[in-house]
Amino acid sequence: MIENADVEYATLRYEVGSDGILLLTLSRPEKLNAFTVEMCDELVHAYTRASKDDSVRAIVVTGEGRAFCAGMDLSVGGNVFGLNESLSPTMEDMRERAADPAILNGVRDTGGRVTLAMYDCLKPIIGAVNGAAVGIGSTMLLPMDFRFASEKARFGFVFSKLGITPEACSTWFLPRIVGIEQALEWTYRAEIFDAQEALAKGLIRAIYPPEHLIDEAREFARSLVKDRSPISIALIRQMMNRNGAQAHPIEAHQVESLAMFYTSRADGKEGVQAFLDKRAPRFSGKASAMPPFFPWFRD
Amino acid sequence: MIENADVEYATLRYEVGSDGILLLTLSRPEKLNAFTVEMCDELVHAYTRASKDDSVRAIVVTGEGRAFCAGMDLSVGGNVFGLNESLSPTMEDMRERAADPAILNGVRDTGGRVTLAMYDCLKPIIGAVNGAAVGIGSTMLLPMDFRFASEKARFGFVFSKLGITPEACSTWFLPRIVGIEQALEWTYRAEIFDAQEALAKGLIRAIYPPEHLIDEAREFARSLVKDRSPISIALIRQMMNRNGAQAHPIEAHQVESLAMFYTSRADGKEGVQAFLDKRAPRFSGKASAMPPFFPWFRD
Amino acid sequence: MIENADVEYATLRYEVGSDGILLLTLSRPEKLNAFTVEMCDELVHAYTRASKDDSVRAIVVTGEGRAFCAGMDLSVGGNVFGLNESLSPTMEDMRERAADPAILNGVRDTGGRVTLAMYDCLKPIIGAVNGAAVGIGSTMLLPMDFRFASEKARFGFVFSKLGITPEACSTWFLPRIVGIEQALEWTYRAEIFDAQEALAKGLIRAIYPPEHLIDEAREFARSLVKDRSPISIALIRQMMNRNGAQAHPIEAHQVESLAMFYTSRADGKEGVQAFLDKRAPRFSGKASAMPPFFPWFRD
């Protein structure tokens, strides 16, 4: 149960515009927006909230100040990743006891908890990478639908240099976005690279001057959702991400059949009529009230 | 059981050339080849027939007149998608009762029935997109092996504008062809785009002047299958599409081992001998008589 | 059990440099390094050995003389692929009896046995394709992390011309590297193509003059692993290849959580400290002693 009325975040700003665009800003500028366990919890909350908030049609994510996110805050002392080093977790623990507080708080990767919430989100997510995006700053970009960057953006999957490994489900997302070869090079090499390289290799979609970045990302976000059914958009996001990773197209057929069935007798009626009338549709569906077959998956 | 002797299609033309190329033409030119339930049934029949017809080595698909396929025919009245709105189908229905006539005819996506037949086909399929390909006109291109377009071609995954969702297993095929980001943009945005954009983003392979499109597609088709074993071609198509989507390469190893085993003692004998003799091979294998391990899958 | 002290290969050279780079050379130059059952066994041995050999940080693979590997040696007589034609194997045999000597030696694809050993390897593998790479010469490149080629390199997935089918798990690897469309074209068409086409379509990473190929590949290999944790590198290779092919990112989350957990209290301590001290790290982890959750998979 998420109650939003009085939500104040310590590490984020959550601002919904009258155009339906949520501007979600990582906001620890004095720390280059370095990631903490608190920021993890707040990001999970914010994405889950935006998913259910009908005033939000799409999400633009950026960082306050000169960085996007400089990575895990390594200045916190103890196990800097928040892990309980007294445990000896196994794959069985991960599969069977993921919600057990000892595993949830002492073992599970905080970056992965954020990216799984992004994966489940019903709204398009657009990154506006304003500066350095290192470690979790880079891996949290991967579940986004689109990534734009300022000329000042920097990226780095620096884990192997720190003696650790990629996280935030990046070993699932990154090879799907840029291919296995580029995913391996960036994570083996663990160096910082610039926006031009990110663009050339397909990690980002476009580069803008810093002063135009947010406006461009926001305008792009608006253009995707204006006069579109929020139910269609939510189903597209979930169907493309989930069905595209299945072993056989029959899995898509089953879900698509139900999606067409239920939308064709709801927003689809208005959409077809508006098309025949040559006018803009007025959809009444809301992502907070998805069709009865949703969610079709049991994660 | 498919009987072809006297087949006449109402919405298609099925013409096999002496070069082994089937030219399959969507043929409702007065309706811009708009898709109907009848066209669905006929396309499933035609692809299944071509799969078993040894006179067909490869398939070129095009549209009659100025369009390729303008999408679902929205002028038919009632539920334009042919769905039985009195039902309340569930995922269990889709998984357990897909062949039940109530589900088959009243719930299952017609586009998906066509693309699954294309997926199962034993012959290469080459699209020759001569004009507008919208909605199912675009999604039915995705299971094809290669897509060529005329300068006049237009594409559009317009579902969210109509308040519905992508279908025809496109949420499985599209992200595999153009990547998740482009798949999301086209389906969120739901606008018409031209052949240049389709080429730039990898949806199509090449653009030709309208008067050369069919000849180029046909010549390409011929070049793929001439002096090649029809059994090899059929196995390649099924192995690449199916094995490439599995979670582990051992799945490919199991199938490839049997494919090599059975072909090496059949067409493989002739192929190796012809190679050593420096002459063209004379293969006797036929796709109508696949090796005993085929199909290795139980869809 | 692999004993290496006195290993001498008949078809390979295995040379570990003081820089930690293993140069693995296919060495039957009088036969254009054509592949045999003996070479299969020796390659499986060499990759398994390198995987456990802490003096090896990365592997560069090339061919002796003017070819890389001209394909299966078709001059050996009998079933040239080493298959026992008196058997009638089934998918059940492949799934249940893969280690049974009759299946292992008489049915299983030799190329696949090599590429599965490469897939399991804990060290980055870099191809330096010095000349013709045909049939298994091309398919054995696919599980490599990076492929470089000389201007003289030639490639060819020539199976359908010989009446046989692609092997070496190439129906799993190839569509993942170059996309389903290009994978189908090369394997249907079965022609030889040059390094420029391989580069344009993403099969290889770069082309070098023949005299610089090995040095460039070796320098690239060094740049990936210098001052990086061998445990991080090994986990990255296994996690990217395996997790990226799963149906859901939760599979990555489970593995990444354990990988971060165990590395953060081992090489991760030194890595973070070195970062804070602004010095190069001195990692003590070894790929021969992987963390307790490894292997997390049961192949």
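The first chain written gets the first letter, and so on, giving A, B and C; residue counts start at 1 in each chain.
Everything below uses one rule, namely that a contact is a pair of C-beta atoms (placed from the backbone, for glycine too) under 8 Å apart; a residue touches a chain by one contact, two chains touch by 3 or more.
It should be emphasised that the depicted structure is a prediction, and the values quoted were computed from it without experimental measurement.
Mostly differing positions are employed by subunit A and subunit B in their mutual contact, as under half of the interface residue numbers are shared between these two copies.
Subunit A and subunit C carry the same sequence, and matching their CA atoms takes a turn of 120 degrees, rounded to a multiple of 5.
Averaged Cα coordinates give subunit A a centre that lies 33 Å from the centre of subunit B. For subunit B, residues that reach two or more other chains under the stated contact definition are 176, 246-247.
Within the complex formed with subunit B, the residues of subunit A that make contact are 124, 145-146, 176-177, 202, 205, 223-225, 227-229, 231-233, 235-237, 239-241, 243-244, 246-261, 263-272, 275-276, 281, 283, 285, 292-293, 296. Subunit C meets subunit B in the complex at residues 74, 79-81, 83, 85, 87-91, 94-95, 98, 107-109, 112, 115-116, 119, 143, 159-176, 179-181, 183-185, 187-190, 242, 245-247, 299.
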